[in-house]
Amino acid sequence: MIKVGIYGGSGYTGQELLRLLLGHPEARVVAATSRRFAGVPVSEVYPAFSGRTDLVYTDDSPETVAGFADFIFLALPHGVSMGMAPIFIRAGRKVVDLSADFRIRDAAAYEAWYGRHTAAEMLGEAVYGLPELYRDEIRQARLTANPGCYPTSIILGLAPVLRSRWVDPASVIADSKSGASGAGREPQIASLYCEVDGGFKAYKVGNHRHTPEIEQELGLLAGREMKISFTPHLLPVKRGILSTIYAKMEKDVSAEEAVVLYREFYREEPFVRVCPAGRFPDLSSVVGSNFCDIGVTVDKRTGRLIIVSVIDNLIKGASGQAIQNMNLMSGFPEETGLPLVALYP
Amino acid sequence: MIKVGIYGGSGYTGQELLRLLLGHPEARVVAATSRRFAGVPVSEVYPAFSGRTDLVYTDDSPETVAGFADFIFLALPHGVSMGMAPIFIRAGRKVVDLSADFRIRDAAAYEAWYGRHTAAEMLGEAVYGLPELYRDEIRQARLTANPGCYPTSIILGLAPVLRSRWVDPASVIADSKSGASGAGREPQIASLYCEVDGGFKAYKVGNHRHTPEIEQELGLLAGREMKISFTPHLLPVKRGILSTIYAKMEKDVSAEEAVVLYREFYREEPFVRVCPAGRFPDLSSVVGSNFCDIGVTVDKRTGRLIIVSVIDNLIKGASGQAIQNMNLMSGFPEETGLPLVALYP
Amino acid sequence: MIKVGIYGGSGYTGQELLRLLLGHPEARVVAATSRRFAGVPVSEVYPAFSGRTDLVYTDDSPETVAGFADFIFLALPHGVSMGMAPIFIRAGRKVVDLSADFRIRDAAAYEAWYGRHTAAEMLGEAVYGLPELYRDEIRQARLTANPGCYPTSIILGLAPVLRSRWVDPASVIADSKSGASGAGREPQIASLYCEVDGGFKAYKVGNHRHTPEIEQELGLLAGREMKISFTPHLLPVKRGILSTIYAKMEKDVSAEEAVVLYREFYREEPFVRVCPAGRFPDLSSVVGSNFCDIGVTVDKRTGRLIIVSVIDNLIKGASGQAIQNMNLMSGFPEETGLPLVALYP
Amino acid sequence: MIKVGIYGGSGYTGQELLRLLLGHPEARVVAATSRRFAGVPVSEVYPAFSGRTDLVYTDDSPETVAGFADFIFLALPHGVSMGMAPIFIRAGRKVVDLSADFRIRDAAAYEAWYGRHTAAEMLGEAVYGLPELYRDEIRQARLTANPGCYPTSIILGLAPVLRSRWVDPASVIADSKSGASGAGREPQIASLYCEVDGGFKAYKVGNHRHTPEIEQELGLLAGREMKISFTPHLLPVKRGILSTIYAKMEKDVSAEEAVVLYREFYREEPFVRVCPAGRFPDLSSVVGSNFCDIGVTVDKRTGRLIIVSVIDNLIKGASGQAIQNMNLMSGFPEETGLPLVALYP
């Protein structure tokens, strides 16, 4: 049983960590911090927790939390995590950071998209926390950079064909759609029910900050630098990301052969499911679970591979994957606490 | 470990039973029947189950299922269960019936609202499966009649004040609102997305079939016959029931005293939570869990008690409560497999 | 053709006035004010208006607007309108105020629920702008107090039976449900998509500020002071209010007779529709229109009358009714600009 | 004033025609047919029409309807229209057909995707009813084939750059998302509220029947045969289509230059609006209106043009465009009856 601290515990990913960890047999949450709600019971901010936890949000310093927690999740905004992570690492704690601060290996690239990096010296040691690609490294890591939600769906969707050199890396387009929880719990007009319900729109077309992270990992898979078109959209649902991905085929294969490639690639993976040929996943089948479901086909008419991948942005796209990483870093079976089936309907 | 059969396994309550039982450490589902989908894997009808179960729907007879299952859930339409339950009971199996067939103690009352009863001789032995009121009887039962979704929310909302004689039984009004999953998975125009989304309506005003069940149980609590006004409404959500209940006070108490009464009444209950005075529950806090959350206040201006109770209609209102009953009937700790926190947001 | 000014034009009711007035053949909007968006084109704040109006929000003083507009809509928060209305009236302009400031005839009652009233001397002249009850007075009015959204649905639902003395005034309960646009466009956590979608809750139970307005008008209809139980709920829809109203019968009539009474009472009304006996209205049938639809039945078992009334809270509950009042005050046919059919599906 | 018949009037597009035509000053609906609802008042099937029309659905033969209607809308399934249109044309009536039966100029192409064509002799005379491209031909037409909803959004989105030869025709990808009303009002599991709400999925990937229609018109614009990748998705909204379109630039231009091209191309168009550079349209801005809103940008990093276009699938994608065509064919001003602003929020 390890003692877990959640630094930044009152946002949607923070409370999702707490919810999932309540069902984890090897971990116990001993601290959840929140500046805004310091002193307030979690069950008052989120009544769903009433009767399930007596935890009270605190405003404890990282030094204090490091004093009694073994494992730390940083659920903080970009730019804040980089100031906290070194404190926990120095104190000998293991850290999964859910922000973007340690995802980009190249400090200059980070700074081009996000702003100044004040802990660039730790970028070398941080491991990109996508277990399907970096399981062994994560097992050894002290600091894991939990992937972004969009990147998780896109990288898992493309890994088999990029590594197999089946597609032209210059041709990749990712048309992604995310639920509203991706925007967090900050009150803003664009996130109001009346603005989101019944609507749908693209945003940050051609300039979303997840782009360098996606390109970094796709480039490593393809063995060459990559530039992709990535268009995020805001879906009128609470949870879930669906990415529709297009790439020009460089090999003449059938849809069935593509499915075989994907099934082979993910054969041992507990959280990736590949649909039968001709089938495509629905968000509904993964919302509430840690699964990434992938459908793939070949459009012979146009010579393109079309891939659809879906995840729950708060679980496989954030808190569930963070716990998967914690399991690996702590020597627990990887699925511990995560044997979830989507809540359907 | 008991072997469980789900008779009628392809509707929303059937698949919810299956989902919840996958997380139950003492039960294993060995059969799920479906006329429509016989021979089809569950994971094909509901892709959310892919990788979690290899179960295939069958069209096995009750006699066959009784041959290899220890415990049976009947998730069948009203009028069908009454033909099946006796077969399983005779074979020595325990049964939780999720239909209305064994909820009404008086066969004549059943027939007035539902139609002919062909197994009236079993009504005497069936136990009404609301653990908060009949825990000891359920422990001894062979046949438990799982309560209706609306009745669960209304009876739990009123039990403390009716038993305490705080309100006038003739004054009770229950204004209830249910999500669309309550209508099941049968394709019909009124259940289409385009008809439900953005809409809201009352239906079966003054003549919903849950009325006799509600009145039977409230009357037993009040110690006298009761007639209530019960108005169901269709909410544009997938899951959840919220009942707003009004009753004339016959005792001059404060909201705080009412909260104390409710907390005392439900002190030992694992699945009923009472809000602090001045607070009322949101559906969102229970959807995905087996909780019933209750808020209560006193409107001094009008001398009325106002109670709001919420449940997930597919869990505490159906499949979760059915498992709670199975736990009691099988000697398992009552919360086994049900330590759920609402999926939020 | 009259020149119209909208004072407070960037909220949901302000933009709805603008939308509806674009289709009004006798009115032209010449000013829409907004502190927040002064200098910004309406079509930038609300792109739906692109190509339909060149209007730019201004921060003009009421004196300035009074200089070039004939008719003023005040779409301002409670407490602000009372400072503006006298300026426009003194300048000889006619005013429809959409706030609560002039709805309560008794200044003391206003102050008990809202706070200090600084223009109490005008309460005597303000007319309550419910055309179905005060058509002749509105025709003569300089200052009309546009009714609240909840009150509109409840008063129209009860007027026929209260005036006919069919029900016990002390027995009235109004269980009302409103869409999220009723909360306005201010960014706040409780109005976020992720907090509202899939949820449902009661709020301000027993203490909503619309209570005195409802009781004032119901009391006038009943000919005696009234206290009602009024419980508002937040629906996961953008627009619409549905009120389910309960009252004890004091006369033994059938559902059919009740329908006849309602049809008689509203026979000449262009915007009230009464459902056939046994039918109840759906929000969907009025959203996008100025209609109030009413269904009524008699529950013989309990001796109660049950009434369901629905409106679009932004139209009949606010901006549509305001234009209906403008038509009356300006001598236009009452339906001018309002011949709308609900947008369905 | 012309007399209009709607053949197939009880589906979503049929009732939308009726709703829009109630606000049309030059047209009066004299017949709406429905096999299912023959003899039933429209206002009973769709209570939103109560008080607005006394029309009753009939099962009249086309010959009968041709006897008293001047102008016919065929809102029938594919394959049925082709049997009806010739009857009306022979009787000297003008027809707008909302099915796919007369959209594909090449009978062989039609038959490859839809099945046998029994009125191929009329394909030569039918005009493709996209006024932005074929206004003059529509003015002269007796039979107009109203475009599909997806094709409308994609063709309008691409017309300026294809005609200007700015992009590589072989590179075009259209990732489209449609609301649930596109599936019509037939009861089927996949269209149930519980299956659609909270979900999102791609369907008919690489084989949707709108593909040949889209490619026919894009090819004519580009001056060469075209094959595109077209992926439809089902959005959890009632109305609206958003298409995100990608194409490889063959000319080095800026986003601003692209906006200028689009604004120039659509300068005289009453129903196409082009967003300022850097802005993209939201479904919410067009739902309830006949507008097509288009945003366009250039992704310099990848050399791609990215276009987002939105329409209301039931209005500009069906019934509104049909009325626009009726206006052209009847000599009315093109905007007659269609000066709508989106219903927002």
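When the chains are written out, they are named A, B, C and D in that same order, and each has its own residue count from 1.
Convention: a residue touches a chain if its C-beta (ideal position, glycine included) is under 8 Å from a C-beta of that chain, and two chains touch if they have at least 3 such contacts.
Because the structure is a prediction, the values reported are computed rather than measured.
S.K.: Specify the chain most distant from chain B by Cα centroid.
M.R.: Farthest from chain B by mean C-alpha position: D.
S.K.: Tell me which of A-B and A-D has more C-beta pairs in contact.
M.R.: Counting C-beta pairs in contact, A-D comes out ahead.
S.K.: Would you kindly tell me how far, in whole Å, the mean C-alpha position of chain B lies from that of chain A?
M.R.: That pair's centroid distance is 36 Å.
S.K.: Quick one: report the Å distance separating chain A from chain D, using the average Cα coordinate of each chain.
M.R.: 39
S.K.: Listing for chain D: what residues touch at least two other chains?
M.R.: 12, 181, 194-195, 197-198, 236-239, 281-282, 284, 287, 345
S.K.: Residues of chain B touching chain C in their complex?
M.R.: For chain B paired with chain C, touching residues are 173, 175, 177, 194-195, 197-203, 205-206, 227-229, 231, 233, 235-240, 242, 244, 246, 280-284, 287, 295, 297, 299, 301-302, 304, 306, 308, 310, 345.
S.K.: In their complex, what parts of chain B are in touch with chain A?
M.R.: These residues of chain B touch chain A: 12, 15, 19, 22-23, 46-52, 181, 198, 238-239, 273, 275, 279, 281-282, 284-289, 291, 293, 339, 341-345.
S.K.: Can you check the complex and tell me which residues of chain A touch chain C?
M.R.: Spelled out, the residues of chain A in touch with chain C are 12, 180-181, 185, 187-189, 191-198, 236-238.
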